[in-house]
Amino acid sequence: MIRVENLTVAYGAFKALNDISVDLGQRGQVHSIIGPNGAGKSTFMDAVVGKRRPSAGRIFYKDRDISGDSIQRRRKNGMARSFQKTSIFPGLTILEQLDLVAAHLNEPDLGAIIDTMDLREVLHLEAARAAYGVQRRVDVALGLIGMPDILLLDEPGAGLSAEETANLFRHLRKLAAERDIAAVVVEHDVEAVFALSDVVTVLDLGRHLATGTPAEIRANPQVVAAYLGTAA
Amino acid sequence: MTSVPLSPRSASSLRWPVLGGLALAVFLAGFLLPGYLQGGYLQSLLNNGLITGVMALCVAFIMHQCGLVLFGIAAYYGLAAYACAILINSFGLSAMAAAGGALLVTLTAAFLVGAIVIRVKPLAFMMICLSLAELMRHLVALPSLRRTTGGSDGLLFMPEGRVLGIDAMDLLDTAQVWPLIWTATWVIAGLFLIVASSHFGVRLRAIKENEERMRFSGFDTYWPRVFAFTGVGLAAGIAGVIQALASGLASPEMFSIITSTNALLAAITGGVSSVIGPVAGGVIYTWAISEFGALGYSQLFTGIAVILVMLFIPKGILHPLRLLRRKGGRA
Amino acid sequence: MIPTLILNALAVSSLYIMMASGLALIFGLRRVMNFGHGAIYMVGAYLGYTIASGMNFWAALLIVPLLMAGLGVLLELAVLRPLEKRQQIEVALITFGIGIVIAQVVIRIYGGMPLSVTAPRMLASSVKIFGADYPVYRLFITVVGLCSVIALAVWLNTTRTGMFVRAVSHAPDISSMMGINANRLSLLISMLSTAFAGLAGVLVGPYLSIDPGMDVAMIITCMIVVVIGGTGSIWGAIFAALILGFVQTFGTVYLHEISVLLPYIMLVGILVWRPQGLNFGVSAE
């Protein structure tokens, strides 16, 4: 659904992303992006959603060049994201914020999202008072509203235990299948990624190393040398 | 909208009619006040107090809804007063037409300023708003505009015609202008309450709390705040027009930092999330300043009040809610 | 005409630079916008008046900055340090309240009439520059202003402490990482900032008059300079002060009284163009 062509993002002389070309987001699939720290994963995410202007290259979404579109426009056209640092509205109740966004994006079935993300019990809680795990789920729920075609998740497991992360991934797979959403996940919990993704892309030092099924990636000598090392 | 069941809250079903009835009673009783006060010191204190109170409401609204410290509300208050005076003096408009024109001018100015200042960071926002009030103070005192603005002495004017059914000349009487001030305060407070609880209000607070997430939820985060700023400027303009009509004078002091500071103090002391608090704060500060002013200490009082209020305000003036960063808490 | 104007502009700019750089230094280190900075300048001017009329101008030029540095210690220990954890805007408002109180105390002591200081005889004369007589005293302001900026630049760029000040202005979180005593540094900066304000106050005496509104006028000018320069950017502030001095001086001659409005027009114009101010490479706050 997203085609990235020759994407480069430079901070001064330093190229955080260097000439990346990759296809992302098959409907109903979970596509993960992994790589060591400093590989450019977050920058990549920011560039795709429009938070960071690319220095060169183009981004296509549903075969249309969206490199110049604003964040709001991309969201309205069905591209949603969640955040590594939980990004919700602390002073609003969980229902208030879901409702606010749902009304704006014409979400037909907020109840289903609330159930999928297991939030019904805490709807009237002010978000700041909710447990961290709940806040993470609210973050993802905000991204799910408005029937997005593609949902980009930036380290959804950040701060969660391995078990919680695995649970969240299971939720995601279910969602991707149910709502026919393409989920793109940036994650550094390699085990969770390999267990629960359909496609994996590996970045290293701003370059695209490989894309393939988890099994292919595990067997890729370049990836093993650069990233997985002996640990895998 | 969606079909999420709200949990029923039976307690509130009785609360609103009672509160509403009480508010209506207070509102109506307010009109009887001049009969008891017979003009005099207390009446003029209340008049000035509510004018400051309206400005405090404006400051409180923008602080609570947008997280911005509007230090310089006097710019719109004074602008409206001058616009009204100039429209009467130089253009010969009737009082009502001048008041309307003045509000239009203020609305436009507040919109243009809002469009610029909403883009800057909070601290710079505060400094720029203050600078603009100073700009206005200098502008109206320019010697070459003396014939229009009256220079540093201020601009006296003689209104003609009727304003909302009251003869404009009668408005110079503290008892006769009271119904206008009293009604305007209620209308503005009521509108602010309605906006705060509306969809638009939730949207503003959501932008205040997390602008980035709002953008990533497909919301425009710029114009709502510009509109809020414009509305607040207009409300301050209403206070300015009434003050001008009540005194027959627009003066450079209306733009002073002290005017803005007192409105800010009244808002913070009264509580920015309430509407009664800032108005009460306005009355109390006006009283205190007139008491200390009699001794020549009004500015000293303001200075000390700023320090004390800021030091002892319990949760901080913007008390942002913080998200948990680590795991913990209840499920 | 033009050379005279340029010299006048430099004199005005020098005063603004001394004020604005002090303000920007504290902001860089502490993220505190000191709204009381104008009142400190006012105290400097009135103390300068007292010392200049009691002893002489040179003594004032030496003693006032030292006394003001003492006030800086007070500012640091009694205001900035205890309020370290408070929100930026609250601290700004507290310093604003302190400024009002200080100014009121000064007015209580000296009364509300404008005062003037006579320049020392050595500087009271005038010299011929490009065929026109020019007061030496204004040149003196410019020289003192330039020297202080150069000294500041040398200090910031060559010493370890200066380097640290620059580092912290760029990235506020860095102090804990570098393990340098931030409190001692902040004390130094506060003293420097108030001493500069005091110096500017003494210098302004024989040039313009000393009056009760000078604190508000100066703090508003400083705020405009700091916003235009980009909050927290020392070089941005110095550059903006320079521009403002020129705009005001030339404006007074060519636009007459409208020049009072020029700083504000400049402020709005620059913000429409760049909401973050001129901001040379520093992203503060």
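Of note:
A, B and C label the chains in the order they appear, each numbered from 1.
As a convention for this text, a contact is a pair of C-beta atoms (placed from the backbone, for glycine too) under 8 Å apart; a residue touches a chain by one contact, two chains touch by 3 or more.
Small disclaimer: the values here were computed from a predicted structure and weren't measured.
Any chain that touches subunit A and also touches subunit C is listed here: B.
In terms of Cα centroid distance from the overall Cα mean, chain B ranks first. The distance from the centre of subunit A to the centre of subunit C, with each centre set as the mean of the Cα atoms, comes to 49 Å. Distance from the subunit A centre to the subunit B centre is 44 Å, each centre being the mean of its Cα atoms.
Distance from the subunit B centre to the subunit C centre is 33 Å, each centre being the mean of its Cα atoms.
On the subunit B side of its complex with subunit C, the touching residues are 69, 71, 116-117, 119-124, 126-128, 130-132, 134-135, 138-139, 142-144, 257, 261, 264, 297, 299-300, 302-307, 310-311, 313, 316-318. Across the complex, subunit A is touched by residues 1-4, 6-7, 199, 202-203, 205-206, 209-210, 212-213, 215-220, 320-331 of subunit B.
Those residues of subunit A lying in contact with subunit B across their complex are 49, 71-72, 75-76, 80-81, 83, 86-92, 95-105, 107, 109-111, 114, 123-124, 126-135, 142-143, 145-146, 159-161. Against subunit B, in their complex, subunit C makes its touches with residues 33, 86-90, 92-94, 96-101, 103-105, 216, 220, 223-224, 226-227, 231, 256-258, 260-261, 264, 267-268, 271-272, 275-277, 285.
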